[in-house]
Every structure is written in structure tokens, then in C-alpha cells.
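Each of the two complexes below includes chain A, the first together with chain B, the second together with chain C.
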Partner chain A sequence: MSPRRELRSKLASRAVQVAFVAGVLLLWYLGTNYWGISPILLPNPVKVWAELRDVLATGEFWPDLRVTLTELVTAFAISCTGGVTLGYAISRSPFCIKVFEPLLAGVYSIPIILFLPLYVLFFGLGPGSKIAIGATISFFPIVLNTVAGFGYVDKIFVTAARSMGASNIQMFWHVLLPAALPVILTGLRIGFTVALLSILGSETLASLAGLGHRIVHLAEGMETARMFAYIAFAVVIAACLNATVSGLERRSKR
Partner chain B sequence: MTRTRQLKHFFIRRPGLARFGVIVALFLLWEAAARWWIDPMFLSPPSKVVASLGALFETPRVPAALQLTFFELAVAFALSVVIGLTVGLAVGLSRFGHRSFMPIILLLYGIPQITILPLFILYFGIGAPSKIAFGVTHGIFPIIVTIVAGVQNIKPILMTAARSMGASRWQIFRWVIFPHMIPSFFAGMRLGMTGVLLGVLLAELYVSTAGIGYFTQLFTQNFDPTKLLGLISVLAAMAIVLNEIVRRAEVHFGRWRTG
Partner chain C sequence: MTTGDVAVRVRDVSHQFGEPSDKQHVRALLDTSLDITRGELLCLIGPSGCGKSTLLNMIGGLLEPTSGTVDVAGKAVRGPLPRDIAFVFQENALFPWCTVIENVKLGMVFQGVAKSEQDGRARKSLEAVGLKDFINHYPAQLSGGMRQRAALARALSLETDIILMDEPFGALDEQTRMILGEDLSVLLAATGKTIVFVTHSLGEAVYLADRVAVFSARPGRIKEIIAVNEPHPRKPSFVTTEKFSNLRNTLYGLLHDEIRKAVEQSAAVGPAL
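Then we have the complex of A and B:
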């Protein structure tokens, strides 16, 4: 394709995207304003925008956001430390890898959110159960990637470093860690995303505070417009967090 | 000394046996913890859980609830595969469609869907339809993304060769694209199954009048950990079996490429 045609097709794609978004917004506006869709089911976009501005202006979201973020940071800190430490320990012997990796991968394939009722039973409705479930769910991708990262370092590098007389500490800092880091960072990113999702999820299912709880609370009060505003807010927060983590991953991989 | 060494060698040659040993040890730990250290209101030993499985299935409406959940999973999975395949092919097979719609699909995929769970209940009610719908939204995106990736990854040389030999559009689809799509299709099915399980179970746990979500809630509120653990184990087993079926299918149908 010539560069000119390439450019034209690119512009056409952009136009299709813009038209798609505009069309959805227009349908939403027309449907709620003129076609009589109940405002309880689908609130007017103008009203949602007003509610969102109100939420942001009054700063009403702060307590909920703080709860969610605290839970997220605590859960991620726990699963990071635990996952990387245990992953490193397992990766030190091929035998341990053979024993534990299928075990961990097997548990990872179960939807762990199933155990939420148990966690609520153990840790209560407060932030404790959210931290615990977030830490559990994000633990698995982190530990599996750490094992994969440290466990499958090319043998030739290790042998070369050893034969050149590297000490254990030198080996770790200059051979193992640089080789394993990209894989571990991917694990950490997946773990972070999963922790965020499971914390929002468990807040939605059973909780006392937090963004997920607020959304459910508004849904039960049939304040749909404000709920839409909070959903938009939560989606933007989640997108920002995920973008930050992906950015950090990409930067430290270079 | 030689005896322990022999034992060590015995296990080193059999990692599967050692793995089994780890599982047994964990169960023993759980049994001991539940028996002696932890309040029986919160945790019951595995022996008791297994023994009470019979009673669990005799609890009125529990078998029906499991059946309902299985039905929701099956319908949600079937719908995700059909919709995901259609959209994936439509988007993946045209350059223009891929460039225009893939960013929108990825954007939608990036939304934490759990935040819109209350909306599903609002639109589809608290019965099975809301669970199926929520399961579908979790299932279709991984399927679409893998199908598109699979279709896009076909080597251009194969397409050019087929075209230059005068293959029609349908022939290209049937003999080039279709066989190349099979592995990614099954990979997508596996990811889709994980998504559907997550979506349906989340919706079940959120609100439920007859499915397993209702019973997990009931057992939690009655401080009946034996039945709760039993029910969760049955569901976990169901999830493992479903995942395993799709994974086996993936391995089976992906063989031609490597083998």
C-alpha cells in the first residue's frame, strides 16, 4: 500500500472509532430523553455528568477511595513479598520446581473468589477479608512468574559465571536477577491487576466501605445516575492504576 | 545414613509422589488445625467435610442449585464462544475492521467489569439471566482477542500462495485460515472458560435466590463451615473438571502444528 493510501485508511479507521463512540452517546441521549427509557434503568448522560462533577467537587469519594487503595496496597505488599520470596526459594532446586509448580498452577486455575464466603467468615466484613482475598489471588501469578523467571535462567550463563569465579552474591545480582527480572515484573503487573479486580469484586459482594461498596449501595438505593458516576470514576481510577503499573513495567524492562 | 540417602533418591526420581506427599501433608495440617486450634464455628476438619458431603446433597434444593449453576455456566460458555467467534472473525479477517474496532474492544476489555455487576442485576433481574449475561461479558473478550491474534498471525506467504494459485475466498478460509485458527480457537476457549467461571460465580455470590450463591450465603450466616466447605469443594471440583476438559481439547487440537 502506498503511504498516501495508508494514511487515508488510518484516518478512516479513526473516523469509524469516533463515529462509534459518538453514536453510542447519541443513542444514549436520545433513548433517555425522547424514547422514554426509565431513568432508573438508564439515567440521562447529562445527569450522570452533573453527578460526576458533584462527586468530584464535594470530594465525597475520598473515604471510599482511601479504603480501597489501602486494601490494595496492603494486599499487594503481602503477595509481592510472599510470592517473590517463596518463588525464589522454590526455584533454587529443579526438584522443588517439579514438585510445587504444577501444584501452584493447579490452584491458580480454580476461581479463588469462590472462597470469599470463607474469608468473610474468618476475617469479617471489614477490610481484613478484602486484603486477604486480594493477597491470595494475586499471590499465584507472582509466585508462578518468579519460579519461571529464576528457574529457567539459561544454564550457559550460570556455568560461565561460575567458571569465571562468581560468588553466590555476585551470581544473584549480576546473573540471576537481570535474567529473571522481566518475567517477575510481568508477574507483578498481572498480580497488581488481579488484586485490584478482586478487591473491587469482594467490596461489591460483601463489605462495609470502599468504591465497590459505594456502587452497590447506590444501586440498592436506585440512585442510578450517581451509581453511573461512581462506576465511571472507578473505571478511570482502575485504568490509571493499570496504566501506571504497565508503564513502570515497560520502563524497568528497558 | 545410607537409608535416608536411598529415601532421598527415591523421591528425587519421583516428583509426582513428592507432590502427592505435599498435598497429604497440607490436608493433615488442616485436619490438625481444625481439630485442636481453631474454633469449630469457623473451620471444620476435612474428614468431617467429606463425611458431610452426603448430607449436603440431601439438603433440600442444593442439588437443584448446583444444577442451575452448571446450566448457567454451560449457557454462558456456549454464548461466549458463538459471539466471540463471530466478532473475532469479523474483526480479525479485515484489515480495516481490525484497525477500527480492535482498540474499542481492548478498551472495553480493560474495564473492570465487576464495577458494573449491579447494572446486570438491574437489567436482567436476580435470576439466571443476569448470571449468564455477566458470565458472557467475562468470557467473550479473551475469546475475541485470541481469535483475532490467531487469524492475524497467519503467515502472509501462505495467503499469497493460496491466492496466486487461484483459491477463492471460501477456499482460503476453509484450507488456510480455518486450520490455522484451530489452536488459537481452543486457547481462546480455555481462557473464555476461566472468564465464564469467574463471571458466573461472581454474579452468583453477589445475589442469588436459588443458585449456589444463596447457599454459600446461608451457610456463612449460620456459621456452618462444614457444609460451606463441602459446597465450595464441589464447586472447585466442577471448575477444575471444566477447565481440564477445555485444556485437554486445546492440547489435542493444537497437536498438528508442533507434532
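Then we have the complex of A and C:
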């Protein structure tokens, strides 16, 4: 495709996307204002916007946001360290790969969130259980991608480096790591996303604080408009975080 | 010939993959002996699976012979010898995450060249292979022929006495191959290095080599060694001479039966091999 046509098709798809979002907002507005949808079920978008501005202006979101972000950062740090270290260790032996890769992939495919009650029993209602479940769920994509990254480095690169006299440390830094990095980074991005999802989700199920907790609390108090405002806030935060991580991934892959 | 003239001495070398009891047991090379003279370009040619690459990897210390010995510069080979031997592989052995010049420098980092020397040597060798204007390109941005030039520059920058080339032009089209062969002949004539070059192409072997070692079908051994006796650098017109076609025909005669044997072998063993 010529650059000009490419630009035109890009603009066209952007226009459709914007129109779609605008259409949804319009339906929302019409539905709540004129078609008699109960404000308890679906509050007016103008009302939600006012609530959101209030939430931001008063800064009452800070304690909950701090709790959620602390849980997220801690969980991700744990799963990164554990996943990358263990993944590298497994990738060093074809036998280990053969044994552990299907095992880990198998565990990854079960819905670990079902064990949340158990986590709450072990770690309490506070941040501990959120950190633990977030770390567990994000551990699997990270360890699996690390195994895939380090375990399937093209042999010719290793042979070439060895023929030129590369030491084991040089082999790791100059050959294995750069060869594996794109796959590992993808694992980290997926791990980050599922950690965020599972932490927000488990906050809505059993917790004492956090954005998920706040949303459920407002829902139970029938403060639907404010609840929607918090949902919008959480969505924006999540989108920003995911965009940052994806951006980092793209930049380091070049 | 005195021992001083011998760069590589191969004595009664055999190599087998797997144990004799295994189903997949393959005797790749059988009791091969060979002296490679300092400064010569020796081509190894033979049917697929005859052990040419196996022999090359054993000379370079990447593979241990099942029996027999390989000496390089008078010392037994026990592992890679980055100060004596550089490799050029078939394809894609450049690191895709490094630019061309970074690739060349990384080889020197591995070999242990002082940092202050790396840049100058990298530029010099890249200029020698005609890639002066492409040093900051990534391998993916280069054609197959240019990638092999870069791989050759990486090998040259290591300033080893010996370069082992494993079908370096094997994946290239005929025209690119021809030009690279001509350039290689000019380049190597100037350096006086010892080169061992594995190829499938009869023309390439005659055009480049001082001697051509013809391998038999598996288990491979050297069937005959043909001397080319034509000074380097070879002129492109060498290809059109009667001498060239006679040598090529001789090689064809030696190889034809072996290739047929190799094909029958692989048909008997089945498509897995």
C-alpha cells in the first residue's frame, strides 16, 4: 500500500472508532433521559461525569488507588523475579523443558481465581491475599514465556558465539538474553495485565480496601452514578498502565 | 613437505552420531586423514551427509571426533580455538539484534580484542568486503549476499590464520554466488590465510580452491584430492577456459557415482534421514 493510501485507511478506521464510541455515549444519554431506563440500573452520563469530577476534585480516590497500585507492584515484582529466574533455570536443560513446560501450561489453563477463598483464608482479607493471587496468576505467562525465550534460541547463534570464544557470562548477556528478550517481554506484558485484572477482580470479591472494593461498596449502597464514575476512573488507570507497559515492550523490541 | 607448512593435520578421524546399537546410528565419517597446507584454499565437496561439515566442525573444535586426532598449529584440538580459527556459517549466523558493525565488534569482544582496536579493525574488514556504507544496518535490512559479506567481515576481523567456511554461499542465487566467489578469491589471495571451504557447487570448488577433496558417500572418506594449480586471484575468465571445464568434468565424474549412492542410501533409510 502506498503511504498515502495507508494514511487514508488509518484515518478512516480512526473515524469509525470515534463514531462508535460517540454512538454508544449518545445511546446511553438518550436511554437514560428519554427512554425511561431506571437511574439505579444505569445513571445518566451527565450525572456520572459530575460524580467523576467530584471524585477527582476531592481526591478521595487516593487511599484506594494507593492500595491497588501497591498490591499490583508487589505482586508483579514477585512474579517477575520468580518467573524469570525459574524460567531461565528450566530452559537450561531440554529434559526440564520437556517435564515442566506442559505442567506449567496445564496449570496456567485452569482458572486460578477459583482458589481465591483459599488465598483469603491463608493471607487474610487485606492486601496479602490480593498480592498472592496476583503473583500466582501472573507467574505463569511470565515463566512460560521465559522458558520459550531462553529455551528455543537458534542454535547457530550459540555455535557462532562459541566458535569466537564467548565465555558463559558473555553468552548470557550478548546472545541468550537479547535473543530471548522479545518473547520474555511479551510474557511480562501479559503477566502485568492479568495481575491487574485478578487484583481488581479479587478486590470486588473479598477485600477491605482498593478500587475494586470501593466499586462494590458503592454498588451495595445503590450509589450507582458514583460507582460508574469509579469504574471509569479504574478503566482509565488500567488503560494508562497497560499502554505504558506495551509501549516499553515495543520500544525495547524496536 | 615439512611440519611447518601444515596448518591442520587430520589423522584417522571418524565420527558417528549415536551408539552402534541405536536405530538412528550414523557413521558420518570414517578413518579420514588429511594435511591442510598453510595458506592454501581447500574445498571439501561430496554428496549430502558425507561428513564434510562434520569434518569442518571437528577442525574448528565444535565437535569431538569419535576416534582419531586433529592438530591445529601443532596442538591437538580440544575445543573452539578463537585465536586460530574463525568460522563463516551457511546463513543467518549474524546476530539480528546487532547492527553490522556491532556484529563484527561482538566477535572481537568474545575473542578478547582490546576495546581500542575494535572499531578500527571492524571498519577495515567491513570496507574490505564492500560494506562500508552499510555498517549501521541491521542484518534484516540486507540482502542474503550482503549478510554473508558481513559474516565474512566478522571472520576477517578476528585476524585468525585459518577460516572455515561451511557452505557460505549455499543459500544464495547463482549470480550473487558468482560475484561473491570472485570477490572472495581476490580478498583471500591478499591475506594468505588458510581456508577450508565446504561447498556443493563443482564450479565454485574449481574456481576457488587450490585443492579439492572429493568425499565418498556415507560413511564418508576422502576419495581423491584434485589440485587446481592456478594462481590467485583467479580471473573471471578462468571459468571459460578448457582447464576449468576439464577439472569440473573430472570432479563430476568422481562425484556422480557417490551422489547416486547417497541418494539410494537415503531412499533405503526412508525420508526421516
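Structure notes:
The rule is simple: the second predicted complex is superposed on the first by the 235 of 254 C-alpha atoms of A that agree within 3 Å, B and C clash if a C-alpha of one lies under 4 Å from a C-alpha of the other, contacts with A are read in each partner's own complex, and residues count from 1 in each chain.
The rule we apply is simple: a contact is a pair of C-beta atoms (placed from the backbone, for glycine too) under 8 Å apart; a residue touches a chain by one contact, two chains touch by 3 or more.
Just so you know, these numbers come straight off a predicted model, no measurement behind them.
When both complexes are overlaid on chain A, chain B and chain C end up sitting side by side without clashing.
Between chain B and chain C, B contacts the larger number of chain A residues. When the two complexes are overlaid on their common chain A, residue A:Thr81 makes contact with neither chain B nor chain C. By the document's definition of touching, of the two partners only chain C reaches A:Ser163; chain B does not. When the shared chain is aligned, chain C comes close enough to touch A:Pro178, but chain B does not.
Once the two complexes are laid over each other on the shared chain, residue contacts for A:Leu121 go to chain B alone; chain C is not touched. Residue contacts after overlaying the shared chain place A:Ser246 against neither chain B nor chain C.
In the superposed model, the vertex angle chain B-chain A-chain C (Cα centres) comes to 90 degrees (nearest 10). Between chain B and chain C, the minimal CA-CA distance in the chain A superposition rounds to 13 Å. Residues of chain A touching chain C in their complex: 154, 156-157, 159-167, 170, 174-175, 178-179, 181. The part of chain A that touches chain B in the complex is made up of residues 9-10, 12-13, 16-17, 20-21, 40-41, 95, 98-100, 102-103, 106, 109-111, 113-118, 120-122, 196-197, 200-201, 204-205, 211-212, 215-216, 219-220, 224, 227, 231, 234-235, 238-239, 242. On the side of chain C, the complex with chain A involves touching residues 60-62, 80, 82-83, 85-87, 89, 92-93, 95, 97-98, 106-107, 109-112, 158. In the complex of the two chains, the chain B residues touching chain A come out as 12, 15, 18-19, 22-23, 42-43, 95-96, 99-101, 103-104, 110-112, 114-119, 121-123, 194, 197-198, 201-202, 205-206, 216-217, 219-220, 223, 225, 228-229, 232, 235-236, 239-240, 243.
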